[in-house]
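I've put the structures underneath this note.
Note that chain A is present in both complexes that follow, paired respectively with chain B and with chain C.
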Partner chain A sequence: MPGQRMKGWMISLPSMAWLTVFFLLPTLMIFIIAFKPANPLGGLGEGWTLRTWLELGNPNYPSIIWRTLRLSFYCTAACILLGIPFSYYIARAPERRQRALLLLVIIPFWTNFLIRVFAWKAVLHPEGALKHMLVAVGIASPDTMLLYNEWAVLLVMVYTYLPFAIMPLYAAIEKFDFALLDAALDLGAGRATAMRRVFLPGIRRGIQTAVLMVLIPALGSYVIPDILGGPSSEMLGNKIAQRAFADRNLPHSAALSALLCLCVMLPMLMGTLLRRKRTGGAA
Partner chain B sequence: MSGFLEFEGISKSFGDLKALDNVSLSIRQGEIFSLLGPSGCGKTTLLRICAGFEMPDAGRVLLNGKDITDLPPNRRAVNTIFQNYALFPNMTLRENIAFGLQIAKVPKKEIADRVETMLQLVQLEHHAHKRPHQISGGQKQRVAIARALVNRPQVLLLDEPLAALDLKLRQRMLVELDGIHDEVGTTFVYVTHDQSEAMGLSDRIAVFNHGVVEQVGSSTEIYEAPRTSFTAAFIGDTNFFNGRVCERIDSEYCQIEIEGLEPRLRFFNDKNLREQVRVDLSVRPEKFSISRTQPAPDPLSNTLRGTVEDVIYLGSHTKWWVRVNEEYLISVTSQHSRFLLDSKPIRWNEAVWISWHADDGYMLERYDENDEALLVLSDAGLPDDIPPDEEAE
Partner chain C sequence: MKRSRLPGLTVLILLVFFYLPIVILVINSFNLHKYGGEWSGFTLKWYVRLFQDDAVWHALRNSLIIAGVSTAASTVLGTLAAYALHRSNDRFQKIHHGLIYMPLVLPDILMGMSLLLFFVAVGFQLGLTSICIAHITFCISYVAMVVLARLQDFDFSMMEAAYDLGANSWTATTRVLLPALAPGITAGALLAFTLSIDDFVITFFVAGPGSSTLPVHIYSMMKHSRFMPVINALSTLLLLVTFVAVGSSQLINKQKGADLP
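Up next, the complex of A and B:
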């Protein structure tokens, strides 16, 4: 029915326009700028060049890219591993407690992100309460550094992105039919097997969403490593900012951003293609 | 000691709510045993205790002489059909059925054979590659049965397995369940709130009310010889009379005086009651015969005169509500075994005689006018013919 199809188009038009203007065009612009020469005033020069891309061969970059991927991956894994049991607990709690717990997850968002990161700086400070406590208990020695290292960055990344994992996980677990777990036990499965073969596949969509919701912003982390990390825990976001603000070299920033984009999108694209091939083969 | 599956003095509370109160049942090997009662009566709790999902506060569960009370669900030789089937949505039907055998590490070849046999038993060979969301409710039901039976459980527990199906399908699945039971011979424990399901399928029924077993017996025993007013009113339709034995006629019959009713009524005195003892009686609607003319006098027959207050024609039979002596509204049904168009049926407001044989009323052991099932009868005034579960949906 052509009328029906038209209607479908009309309905999706606003969101398509939104995505085009605010997502597709900026991304395209980043890729375009990456092929422009920089001019000394911080703008873009005439013509096209591949020079910026060759500059990405900078010997400092591989370790920074590797650290960015590593920290983001750890952060995502930690958020999922902490998020699943926590969401499970919320979803299984009585309704009133559910609402209270969800509120607790959301409350930090009422405080500005920067302020929260600075608060962590106070918490982890060499003269801070946490440090004194750890020393008093004997876990840390007086010269242990809680701040300005990868662990501090990772800790606060997990703190920041955990709610983004909990929300989709909670939504998936809340919809999960727990009679399925009873059924698995009834058919002889142990708790662990029931979780692995029935529960985790049942909330697969939630896990996928949570991974994306955490991994993508984590890869772009800039404020956290900037404030809590030292020079040895820089991430790609810091380099992008440095090239844009300090060096005023927009093409270089754009090329780094494009590289990050490719790092995220290529594995996802490959995953989709692989899955399509597999289901295509089965059908 | 005689039973295959035994519940001994099971009690279970949830907070203040006493779900089961000292319930003891003995279920024989190979029978279909129904736990029947209104929602919240404890029947599902007993089933979940049997499956191992709930722990009783007191009492023991014995299977084949072994105490299984403390065994977790995955170590019991029982399997459950869940109310909404609980099929694994991420697996095909074949994978669903194979699940239990895979867990038990049965050799691959044997799994394939046993799953195939089950698929044939429930006639789903051609759908084995589908996933649960691609099949109908009745088919899901059959997958659930196959998934449970493939493990060769000693007892199959069924938790309201037909509640999610429509009436026609429910009747067909009932026949299929019976057929499957004949084929595999496994002991079935069947939980339902639908009396017609229970009566049609079961070898024996336990009637539950507020966590207590009111009566255990065959369908016929429970219907014809209810021990309590709850059972009488919950299973089918009935009329109650409360009176006093005024005279024993011989060793078998007695005359009963009922306040507000003339004359005295004659009942079979199977409880061997003495004179002056209070007695509560139940007479099923179909035991009456209704006519415009006074029936020929018979010493073993009771006759009352009344006025038809309401008539419902239901095709195969008709229901009348007959007002007798102001106080009594008696429900009477009559089966139409002959072609009805040629006769002149009894209508509203007609004066009629209703009569029944002294053998056809039954003395109750316990009468409680606060029974929920009784309230349903009297509140509705004129009870309708819709099964209770359909109203709920």
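Up next, the complex of A and C:
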């Protein structure tokens, strides 16, 4: 029915138009403005240039990009490794306890993200409680620095993104048919083999989702290294903000954003391809 | 199969990990000691100082205005989007779906940066309006997803029944469809409100002078260690608000569940 179709268009129009103007266009602008020169007032100059991209060859950047990839990768690995046993326990618990535990995972989430990061600053502070405890037990010396290094950043990244991993993992494990595991054990598989050959492949989709849910925001981390890291633990996000606010060089931060955008698109694309290959193979 | 102890142990350790910093923060908000390294006595002085800080209240006001406007706009836009996505699956709606989905997966900082570039390029003054635009943009997607889930349970033959009984499309929509979707729309609106109140990264990029929201103001306080205990007090109050909200919604749900036969 042509009228029906027209109606569909009309209903889609407001959100389509809004997202095209305020999401699609600005995102494309990242890639365009990276080729514009900056003007001294902090705005954009006339004409086109490749200078910004050449400046990214500056020895600072490769190390920052490498750190961003490395920390995000460690964080993702840690979240999956901790998330699987955690979600396994929840999924196998009695239903009432399941709901209570899930709520306990989500509640810290309802507190503001900044406040959670800030709370860690107090815990890791040189005058803070953890430091005093560690010194008293003899693990740390009085001049050990818990704050302003890569470890602090990684720790709080795991703290922040772990629930993102737990939710899809829990959903997958909850649907997993545990009779399969018993069958594998009955057929003589050891516990480790049964886990590796039956359980992990069974929750593969959940693991894939969890990886993306952690890896993508981790790559874009900005607040955590900004508050808990030092100059030697900066990530791509910090540089984007510095170029945008401290130096007010918008083309430069656009080029860095374009780079981050590509870093994010790559795992997403790989995820889609993997899924397509699987479903293609099954058909 | 003998159960392994490992999962139970992980749960225990992780729950301590999740709550330890929050508990320490709450305790420190009553601690006379500035950095909370040790307990040097109970005090309410940080709370008093917080209530005397006008900038905090101004920022809270901004946050509430922005959250109100963006919730209203994104709820309307998101609900319409969900309806369009549900009713048709042609190529046009596939593009529409992509546009709705992408903001959910891209890191905040990219959205903040791209909107900043956009506003600068078109010469738009940064302030409350630019923040509202940014918030509406990311809230639409969340509202659309929540309402879409609700639509999947709606039986559209109810609409046809209404038409057969003589309702026009306005009456059928307002008397049949919208009441059925109301819980989904409410949930979407609540989510939008929470996300808007909570957002820091995107707001930080598109805020102008004088338009600090509460998170942006907290961030600027964090840069000075003399404010640390005051932020503890503020955070404790915000935690309290969260717990009361969550607790009461749980109670309401439980009561609703009990009412059912």
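Worth pointing out:
Here, the second predicted complex is superposed on the first by the 238 of 283 C-alpha atoms of A that agree within 3 Å, B and C clash if a C-alpha of one lies under 4 Å from a C-alpha of the other, contacts with A are read in each partner's own complex, and residues count from 1 in each chain.
Everything that follows uses one rule, which is that contacts are C-beta pairs under 8 Å (C-beta built on N, C-alpha and C of every residue); 3 or more make two chains touch, one makes a residue touch a chain.
Just so we're clear, the structure is a prediction, and the values are computed from it rather than from any experiment.
Shared-chain residue A:185: touches chain B and chain C both. When the two structures are aligned on the shared chain, A:193 is found in touch with chain B, with no touch to chain C. Within the superposed three-chain arrangement, the count of touched residues of chain A is higher for C, of the candidates chain B and chain C. Shared-chain residue A:202: touches chain B; no touch with chain C. Judged by the touch definition given at the top, the superposed model places A:227 against chain C, while chain B stays out of reach. Of the two partner chains placed by the overlay, only chain C lies in contact with A:105; chain B stays clear of it. Touch criterion not met for A:37: it reaches neither chain B nor chain C. In the superposed model, A:25 lies in contact with chain C only, and not with chain B. On chain A, the surface touched by chain B in one complex and the surface touched by chain C in the other have residues 182, 185 in common. The part of chain A that touches chain B in the complex is made up of residues 177, 179-180, 182-190, 193, 197-198, 201-202, 204. Interface of chain C with chain A (complex): residues 1, 4, 6-8, 10-11, 14-15, 17-22, 24-25, 28, 35-38, 76-78, 80-81, 83-85, 87-88, 92-93, 96, 99-100, 102-103, 105-111, 113-118, 120-121, 133-134, 136-137, 140, 144, 194, 198, 200-201, 204-205, 215, 218-219, 222, 228, 231-232, 235, 238-239, 242-243, 246, 250.
Across the complex, chain C is touched by residues 8-9, 11-12, 14-16, 18-20, 22-27, 29-30, 33, 43-44, 82, 85-86, 88-90, 92, 101, 103-105, 107-108, 110-116, 118-123, 125, 127-129, 131-132, 159, 162, 181-182, 185, 191, 212, 216-217, 219-223, 227, 237, 240-241, 244, 250, 253-254, 257, 260-261, 264, 268 of chain A. Interface residues of chain B, counted against chain A in their complex, comprise 51-53, 72-75, 78-80, 82-84, 86-90, 99-100, 103-104, 147-148, 151.
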